[in-house]
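Just passing along the structure, written as structure tokens.
Letters A, B, C and D name the chains as they come in the text, with residue numbers starting at 1 for each one.
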Amino acid sequence: MRDADFFRHWMAAVAASVEREADRLTELDSPIGDADHGSNLLRGFTAVVAALGAQPPTAAPGEVLQLAGRTLISTVGGASGPLYGTLLRRTGKALGESDEVSDAELRAALAAGVDAVAQLGGAAPGDKTMLDALEPGVAALGTSYRAARVAAENGALATVPMRARKGRASYLGERSIGHQDPGATSSALLLGALADVAEPEGAR
Amino acid sequence: MRDADFFRHWMAAVAASVEREADRLTELDSPIGDADHGSNLLRGFTAVVAALGAQPPTAAPGEVLQLAGRTLISTVGGASGPLYGTLLRRTGKALGESDEVSDAELRAALAAGVDAVAQLGGAAPGDKTMLDALEPGVAALGTSYRAARVAAENGALATVPMRARKGRASYLGERSIGHQDPGATSSALLLGALADVAEPEGAR
Amino acid sequence: MLINSAQSVVADALRGMAAAHPDLDVDVERRVVVRRDARDGGRVGVVSGGGSGHEPLHAGFVGYGMLSAACPGEVFTSPVPDQMVRAAGAVDAGQGVLFVVKNYTGDVLNFEMAAELAEEDGLRIECVLVDDDVAVTDSLYTAGRRGTGATLFVEKIAGAAAEEGAPLDRVASLARQVNESSRSFGVALSACTTPAKGSPTFDLPDGELELGIGIHGEPGRERRPMMSAREIAEVAVGAVLEELAQIGPADGPVLALVNGMGATPLLELYGFHAEVARILAERGVPVARTLVGNYVTSLDMAGCSVTLCRADEELLRLWDAPVQTAALRWGR
Amino acid sequence: MLINSAQSVVADALRGMAAAHPDLDVDVERRVVVRRDARDGGRVGVVSGGGSGHEPLHAGFVGYGMLSAACPGEVFTSPVPDQMVRAAGAVDAGQGVLFVVKNYTGDVLNFEMAAELAEEDGLRIECVLVDDDVAVTDSLYTAGRRGTGATLFVEKIAGAAAEEGAPLDRVASLARQVNESSRSFGVALSACTTPAKGSPTFDLPDGELELGIGIHGEPGRERRPMMSAREIAEVAVGAVLEELAQIGPADGPVLALVNGMGATPLLELYGFHAEVARILAERGVPVARTLVGNYVTSLDMAGCSVTLCRADEELLRLWDAPVQTAALRWGR
């Protein structure tokens, strides 16, 4: 069972890996976007960590993720702010109010979150967006957290040959081919951080 | 004795060497000026050639130079337009209305032209301006046209270590040192063209 | 770059706007720029916003006869819903608020969320999407045409209608009419440098240009060897006229915006406009009003865009109506 | 560059101005831009001009309440006397004409020749020299301080006085007062590229800047490693205030122009202005009016300048008077 601290650690781990990878995310967002994805998420997850630090320690897992999602919506802007914000808020809502949640509950909640992202953004897998990492990643959670990380990373890599049909990269048409999608890359970081926290190095 | 055609040839020769050297003059005007000296003189002497072509062939030497001077004033702008324009106008005026002028008359007329330049621009030799080539050049006309060319070229070279006290280069203060003055360089072209026309290759 | 730090760029600019324009109420912390008298006179509010880096759009258009408020996001990043909710609250005088939204996924999502929240607060909100950029085909395979130069036309005309006391529905339908009657095409001669990245967003060698760019430093649809102003004008005006023709037959003159992307000298922009005007005259397109300048920019990008808006008499009248903002001013 | 050819840049821009501004009488051939109603009302004429590449200066300031005519030279090359003579003839309504001349050897010589010729034609001509740039010491060892940002103040205030019907002597003495009360300091973050040369006029690596630059792409007095907006503002405002103090004790507020050199985004310029305003407040200098934007530019140079003008009530009143030109407009 996963308690609120587990989710706080997850968010802290995401913040850390976003900080580490911010320049690369912005770099990926340059040839097919507007060169801000790294700084967007850095601003967002720094705010998430601060917000969670100020949240009463009695908050339930669902409340932790909902606050994280609301914080992203209020601080990120751009396409990724509402999308990642919705992912975490919807996942948090699906977790309900219990103090501990099972891995199966988390899996189902994340699937609901990913659905909400697809609904909000109108994208489908293959459109060269974060969904290309989120969908396979969350699907692979049925196997293991590590499998989810690998699936998400492969999903991100698989965006390279795709032609974008959503988001800014779609403006480039054919020229979007050959570049990895920044949002899919950050989604792999998100699920990678989850794997790190759920199955820490020592446990592997 | 020098007739009107001599002066027309001189102006054509200046136009040709300005065309050849325009880029270098502009290049010299970049580090200590505003990168236009070459295009200024190219515009001016192209217009001079056109204007002289349209002038009645009966024009006297003085009228040729006066028209050249007026044309420079009307087409060049910048500092060099009024200064070179005045040089030629005043020289032309000093030549009077006779159909042929002696080398001595030309020398005296040019000296008057140079004085007018000094008066108009308020500069003196050593200020890193066209005067640093014009003064020694015209002074050396007493020896020969070729001596004038050499003296003007040396005068232009001698501007390199000078600190500018007039024109745009003066704004740079100490930083004007180490660069050759574009106007002194074009003045050497002017007297060089005179030497070419007065003592052609074959005659040397 | 003339900045203190990449992080402080937007806040610093807002402090500067506050210092320069005492008639604006600038909330630096919450990133909302409001016309001081927005609520006087019970007008419909007109609120826009978007990523920063396009100045004077949008904050430079806040004032009499144009925007009631603007919400600047981070550089090239749409603002967050909190800003628009706050702006709507600050300008609503009971007549409702129009959101003018450039068609980018981020802007659309954030404004939609804001509209929902503001409506929950009891406000009446209408949204108009601006999508005028013909370089992007509006199809299933794209996020739709981008909002670029027409934003200025929409904001001016919607603002004029609101200033006159038109109700929300009318202000919104005029805004939509302007958008539907406008098309744009942009060209980059250099990439731009965002403060966060610190180097050009894409690599554009001297002697090449990008056709069909947007306003976020993204590359365009096609790269070409450098073209003359005349040739560029042919491509841009041609593309815009072609798309305008698909709306239907022309029934009047156009408003023309010949816009600089930020680093193109006005000297060049006017020279480019000479070609635009010549081409329009040759094709028999009467131009009722012209604006030449840097209005919808992309930081320090060199380049330009052309926007044409088919204007009936009503739009022309509203275009001519007095406006008094930091960047656009006439008749008052 | 967005041009047809280096040779046609100025003529092309004038064709563009003619197309965009029907209230201007643009003689493309002879390079004179005249306010159509310049002679109506029997006012004093106010004529300026200078090299092109500083747009909107000067042609963008032709119109009601400002210049009667402008004479654009080649890029960075002062105009020729024929232009000023023609402009003076076109605007003279019998009350005489003021020439506003930026202090550069070329401008001074050409305007002086023009004044002589116009006076031979029977016109009354006064000249005012603008020399506000504190980066150049006004001494025997220089051509004197350069004319930069204060030109805008001089043209606006002289134009307002002329519009009111003030006689030539008064218009000229007000113009001189503005110049003597104004000081400027400029900074370049990049060099600019003239069409004729096609490459930057000097080499300024990223990460360095030039302090004390003029407006002709010439290098400044000193090169430094890159500084923050805050530090640049300290240097610029400090230098301007120091020189203003030498005029005499302050006796009122200042007009402030925070000017972009052409390629600096407005976003950055406003951020820079925030620092300028802060420093002025800290030093107890009240600012009566502020203008932030690209007004006296140097083609595509990145950078900025600060101009302050000590303004008494009369100057403030004339500053506030209505103006209607392509680039400056209020109250009308």
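The rule is simple: contacts are C-beta pairs under 8 Å (C-beta built on N, C-alpha and C of every residue); 3 or more make two chains touch, one makes a residue touch a chain.
Protein names from UniProt, one per chain: A, B, C, D = Dihydroxyacetone kinase-like protein.
Because the structure is a prediction, the values reported are computed rather than measured.
Visitor: Going by the stated contact rule, which chains contact chain B and chain D alike?
Guide: none
Visitor: Report the chain whose mean Cα position is at the greatest distance from that of chain D.
Guide: Between chain D and every other chain, the largest centroid distance is to A.
Visitor: When the centre of a chain is set as the mean of its C-alpha atoms, what distance in Å lies between chain A and chain B?
Guide: Chain A and chain B have C-alpha centres separated by 73 Å.
Visitor: With chain centres defined as C-alpha means, what is the inter-centre distance between chain B and chain C in Å?
Guide: Roughly 53 Å separates the two chain centres.
Visitor: Chain C to chain D: how many Å between their CA centres?
Guide: Distance between chain centres, rounded to whole Å: 29 Å.
Visitor: Averaged over CA atoms, how far is the centre of chain A from the centre of chain C? Could you give it in whole Å?
Guide: Chain centres of chain A and chain C, defined by C-alpha means, are spaced 32 Å apart.
Visitor: Among the residues of chain B, pick out those that touch two or more other chains and give their numbers.
Guide: Answer for chain B, listing residues that touch two or more other chains: there are none.
Visitor: Show the residues in chain C shared as contacts by 2 or more other chains, in ascending order.
Guide: As it turns out, chain C has residues touching two or more other chains at 75.
Visitor: If each chain is a dot and touching chains are joined, what shape do you get: line, ring, star, complete or other?
Guide: line
Visitor: Taking all chains into account, which pairs touch?
Guide: All touching pairs, sorted by chain label, are A-C, B-D, C-D.
Visitor: In the complex of these two chains, what residues of chain D are touching chain C?
Guide: Within the complex, chain D contacts chain C at residues 1-5, 8-10, 12-20, 52-53, 55-56, 60, 75, 189, 228-230, 232, 258, 262-275, 277-278, 290-292, 294, 297, 299-300, 302-304, 324, 329-332.
Visitor: Once bound in the complex, which stretches of chain A touch chain C?
Guide: Checking each residue of chain A against chain C gives 26-27, 30-36, 38-40, 43, 73-83, 120-121, 163, 165-168, 170-173, 175.
Visitor: If you look only at chain C, which of its residues touch chain A in the complex?
Guide: Against chain A, chain C makes touches at 6, 51, 73-82, 104-106, 109-110, 113, 135-136, 140-143, 146, 194, 196-197, 201-202, 214, 216-219, 221.
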